[in-house]
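Multiple structures are listed underneath, in structure tokens.
Here chain A shows up in two complexes: once beside chain B, once beside chain C.
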Partner chain A sequence: MDYSQFLAMKQEIGLLVVFLLVFLYDLFAPRYAVAGSDKKAVKGISTITVVLFALYTVYGFFCTVGDAQLVFGGMYSTTPVVATIKNILNVGVLIVLIQSMQWNASEPQIMRRAEFYELMLITLFGMYLMISARHFLLFVIGLEAASLPLAAMVAFDKNKYESHEAAVKYILTALFSSAIFMLGLSFVYGLTGTLYFDKIAEASVEGSGMLIVAMAFVMAGIGFKLSLVPFHLWTADVYQGAPTSVTSYLSVISKGATAFAFMVVMVQVFGQFYSAAWEWMLYGLIILTITVGNLFAIRQRNMKRFLAFSSVSQAGYIMLGVIGANDMSLAAMMFYILVYIFSNLAAFGVIQSIENKTGLVGMDSYRGLSKTNPRLAFAMMLAMFSLAGIPPFAGFFSKFFIFTGALNVGTTAMYVLVLIALINTIVSLYYYLLVVKAMYISDEECEIATFKSKCSERLALVITVGGIILLGIVSVVYNSLLVLTENPV
Partner chain B sequence: MLDLLNNFQLNSLMFLIPSLFMFCCGVYGFLTRRNMIAMLISLELMLNSVDMNFVVFNRFLCPGEMEGMFFTLFAIAIAAAETAVAIAIIINAYRIAKDIDVKDLTKMKF
Partner chain C sequence: MLGGLALCRNIKQIRAVAVAGSLVLIGMSVYLLLEYLALPALTHEHPMHFYDSWVWFESLNIHLAVGVDGVSIAMILLTSIIVFAGSFASWSINQPKAFFLWLILLSTGVYGFFISVDLFTMFMFYEVALIPMYLLIGVWGSGNKNYSAMKLTLMLMGGSAFLMLGLIGIYYNGPVVDGAHTWDITQIVNNGGVEKGWQYFLFPITFVGFGVLGAMFPFHTWSPDGHASAPTAVSMLHAGVLMKLGGYGCFRVAMYLMPEAAQELSWIFLILTGISVVYGAFSACVQTDLKYINAYSSVSHCGLVLFAVLMLNQTAMTGAVMQMLSHGLMTALFFALIGMIYGRTHTRDIREMGGMMKIMPYLAVCYVIAGFASLGLPGLSGFVAEMTIFVGSFQQGMSEFMAGAGSLKLVFTIVACCSIVITAVYILRVVGKLLLGPVQDKHHLELTDATWWERLSTVTLIISVAAIGCFPNFFADLIRETFSGEIFKAVL
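Our next item is the complex of A and B:
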């Protein structure tokens, strides 16, 4: 065996090193007794994890992958585009880690925060495998490694009933969807006799009805993880019940990674003869996802549930990049995911710092927030503007590029789809502005007293707000993504 | 009778139909059972029928390779891991809700 193949997996190995260091530190580090309980906690693991992961993120940007490489018998592939997607995910995970520091320092959490970090890193590893896989075995392993520890993370708030309800709903639907997904895979295997992506594409014949059925099963299985609409019913409950750090991780990182893996599967495996079939299926799914997500978001009064439905409709916008299936829409999709990471994490950062302080997550308690906590209200407003797509902020440009990418296909159907998406953007403006209205215009006395948020929370908010403002103005980011996708080598 | 046994040929449909039946039983059980352990058993049934599909396709359609068998081995391990996590979560839910009926887990809705 040629061991130099492992050099293609620089990012995976780097992440594994971070994970092992955190794990070893957790095993051997000094412990101290937590005040008011007989349990002991590890010292300084949050800082260690964040610093190690920040170093690794920087390393990720500098480690050159070089040309497209296909190693381990064609099972694993890495290209500059794939490496960039992983770097984008790293940035998101770093922000989530910083945001979760304060929650992890709270009383019942401090004893088991090391496990939280370890689980989070291992899910990220699973997502890496899922993105890089060129064989369905590796893909399934990555998918499960990404979703099983997440179920444990959803159940992390041991004393809260909602957390357990959410975890039960999550694990049962995740298992059901992976069973459906694997049934589809077994049909694909029976029809083509192989599980390699490229060989399936070669072996698949035109117009096989059975393969379309198999493809529909595969789409449904991944659609569950992406929470596209007919498969979205778990989303709101899980997002509401899970600890807020896990919710932000689920809504941003998990969704971004799965969206990219979905695109790889659809384009590489079924792209040759079946693109017409899956594009029409996805066409329907996108319209449903954007519309239903928006309509349900309007009536939500819980911030986490509200953002859950908003993230359902955002998944529909991300899928516009998949249906376009050209260089530009790939770049637009990567940019959309990057901007979505910053905007959504800014919103979750505000929610989390308020929840850590007061325990309130209702939209009604945000009334008049601008008077008591003007900076938090400002960050929330920017996040909402960016999610809705109001011009000077990054969200506008990401929506603009993803619509342009879809329009580049040039068919009438695509114009209709983009028109529907545009109308839905206006609907979404209504409910995003409801939050802004509650914070700024409502002149009731605010339930949330003025408080000083912690250093880590502030750092995360500065990073995300900076991202929202800068990504819209600095065109270098999008241009470099576009150059990357035009020259795949 | 002996003649019939001698001419007996294994056919992939003999395995695929039971496997599909198993999968449908799993889906039916998952949708109708209200006990979480029973739902988990139904899920296992679905996953096992998928494994059977892989083995049958490998044995009858491409006997020269072992890809389907290997997939099955990994799928069994994954299913075991899934069950372990699910059982742990169900036990925790039982501790806090004192029941494992999904009808009781309806605090968050709509």
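Our next item is the complex of A and C:
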């Protein structure tokens, strides 16, 4: 075996190095018996993780140059586009890490100081494999590596009943969806005799009804992770029960990575011969996802549940990039996910700093927030505007581009789909404005007293708000993404 | 020229900045007007002056393209005057810093919209102008403000959802210039326009999208609630300028880019706008809240703008823009006065007030002047605008009738003419009840007349109204150019 093949996996190796350093530091760093003095050690670990990961993120951008490579007998592929996708995820993970520093230093977490980071890095590694896989075996390994540690993360609040419940729900649905996914794979293998993406595509030229069934299973399996309707039922409970850092990780990073992987599978495996079949299936899923997610979000009073349903409907918009299946919509989808990472993390950042301070997560507690904590309220408002797609914030541009990408197809069906999606943006605007209304318009006394948020939380908020304002207006970001995707994958 | 956008956004918590900023804006608009007048006439190839274009999103061929013609200049001038008057009218508002910040964001959107030539930037500015309304009404409004703010925002954004689909559709079905589709309005027109089959789909959704903001009949319901709850300056700016965005967009985008569909489908919208004109006027007759009366009167007058635009006749369309100017100024004046009266009496119900002429003669006289402008007294702006519209519409209707092309336009012109009479009814009703007659509440006797900043605000608007009324030719010549058949292909 040619070991130089490993050199193609630059980003994976980098991530492993970061993981090992954090792990070793955790092993050998002093551990004190007295509870109070552990705080210092936790802070040290958090800082080291963040700094290492920040360095690694920067390093990741150097990996985007270079040719497309297909190694390990065609199981693993990396291209500039794939590397960029990983970088987008890195940026999101970095923000999540910064946001979780404060929570990780809180009392119940101290004993397990670095576990959270380690689990997170492992899941990220799994997602990398998912995106890069060109063979279903590697894909499944990635999928599992990305799912199982997440269940542990969801259960992280060990003193909270909801956290356990959420973890059980998550692990059961994850296993169930994996099972369905593998059932689909076994059909595929039975019909084509291979699990390589390209070979499946070649072998399925003639096609059969069975293969469409298999494809539906595969789609359903991934749909669970993306929380597309009707596979979304776990989302709200898990988002609510999990610690907020984990929720934000689940809602942006996990979702973003799966969306990319989903697109690779659909386009590369089933793209050529079954595009008609899967596009219609996805068509229905998108309409359901956007509509149901929006309608359920309206009634939510808990901010985390609220964002759970909002993220369900956002997944529908992301899928518009998949169904478009052209360069423009791929770039638009990457851009959409990037913007979505920033907007959603800004919202979660505000929720988290308020939760850390007061433990309140109800939307009603946010009434009058603009008077007691104007900066947090402002960040939240920008996040809501960006999620709703209002200019001049980044969300407007990403929505506009994803619609433009979808309409590039030019069929009447696509115009109808985009129209439905657009009408849904109005519904979503309504519930996003409910939050703004609670914060700015309500006259009531605010339950949340004025407080000063911690340095790390503020840093994360500054980054996300900066991203929301700049990402759209600075056209370089989108342009370079589009230039990347125009080169053949 | 883009300086209009560069208004001092570094808010210091003083009114001086707002006032100075708006003065600078007026100065710049006038300068722009003078520069513009010195230039040669517009031609088919160059329908815009001061055209400039910077690449923004290269890959999608999105530019930041700006340019103006007579109509945009007139609109910019209107906006400057109303922003100026509006800053005086909101002299004693709570939280002035945030208020003016949002107000300036709103007017930035408006200016940007009027000078944009690129569909993408135009749409972006359009939405930038809409969203501050939510907070302005929600935070500083009165009455049922939560409901109205939400209704207004959702309905307008609903319109813009259709609009977005329409604009992307225009982009993809427009001509290919230099190997790429283009968002640039002038380029689309000069290179063959939008594909004809698609026009029948894109024209209606674009027109409806802008029509929502222009308060076209089935979509006008946001307007009365919104205006009634909004604070004074926002009502002024909204009725005075923002509703004009709708009308402007209708002809600049929907009709200018899709002339064939505009000619064939205009009858549908002609019926709808005809209904708004008459229905709005009748509704105004039965309202008792001053702001509702004016809001419905705005529905009626803005309906007339769209009505005239759809006549596809140069005279009528010129009249439409004159009506935009005239209505913008006089509605702003109305809302300013109502705000001032409300600030003193704390009621807007005309049944509870009376004899204001004795109590606050200055405001009362201003109100009468605004009323006369609204019902079309010669010498003020309303007369000029409505006269032009009806003459143009009648010409068009008559010539089509003679040519055997149906009597729809003729009939609707006559119907719309009736609205003048109804306008007189509701204006005089208010004047009679509110200004004359016995004093209803003896506490009102102690109220004071206008302060200096209120006087300044109203005088500015009255002078502008009178200027249009006395020198209509100047404005008409400025505007007419755009609607010549050579440039505006939809004109019959």
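Note that in this section the second predicted complex is superposed on the first by the 472 of 489 C-alpha atoms of A that agree within 3 Å, B and C clash if a C-alpha of one lies under 4 Å from a C-alpha of the other, contacts with A are read in each partner's own complex, and residues count from 1 in each chain.
The rule is short, and it goes like this: a residue touches a chain if its C-beta (ideal position, glycine included) is under 8 Å from a C-beta of that chain, and two chains touch if they have at least 3 such contacts.
From a predicted model like this one, the values you see are computed outputs, not experimental measurements.
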| item | value |
| --- | --- |
| Chain A as common anchor, with chain B and chain C clashing or fitting | fit |
| First, second, both or neither for A:I423, with chain B first and chain C second | second |
| Partner chain in contact with A:A105 - chain B first, chain C second, else both or neither | neither |
| Touched partner set for A:G193, first chain B, second chain C, both or neither | first |
| Which superposed partner A:L433 touches (first chain B, second chain C, both, neither) | second |
| Partner chain(s) touched by A:A203 [first = chain B, second = chain C, both, neither] | neither |
| Angle, in degrees and to the nearest 10, that opens at chain A between the C-alpha centres of chain B and chain C | 140 |
| Touched partner set for A:Y415, first chain B, second chain C, both or neither | second |
| Closest Cα approach, chain C to chain B, once both complexes are overlaid on chain A (Å) | 25 |
| Touching residues (chain side chain B, partner chain A) in the complex | 23, 26, 30, 36, 39-40, 43, 46-47, 49-50, 53-54, 57-58, 61-62, 65, 67-68, 70-71, 74-75, 78, 81-82, 85-86, 88-90, 92-93, 96-97, 102, 105, 107-110 |
| Complex interface listing, chain A residues touching chain B | 136-137, 140-141, 144, 148, 151-152, 155, 158, 161-162, 164-169, 171-172, 175-176, 178-179, 182-183, 185-187, 189-190, 193-195, 236-237, 240-241, 305 |
| Chain C residues touching chain A - in the complex, by the definition given at the top | 56-60, 62, 120, 124-125, 127-128, 131, 134-135, 138-139, 145-146, 149-150, 153-154, 157-158, 161-162, 164-165, 168-169, 171-172, 201 |
| Footprint of chain C on chain A - complex, ascending | 328, 331, 385, 390-392, 396, 400-401, 403-404, 407-408, 410, 415, 418-419, 422-423, 425-426, 429-430, 433, 436-437, 440-441, 475, 478-479, 482-483 |
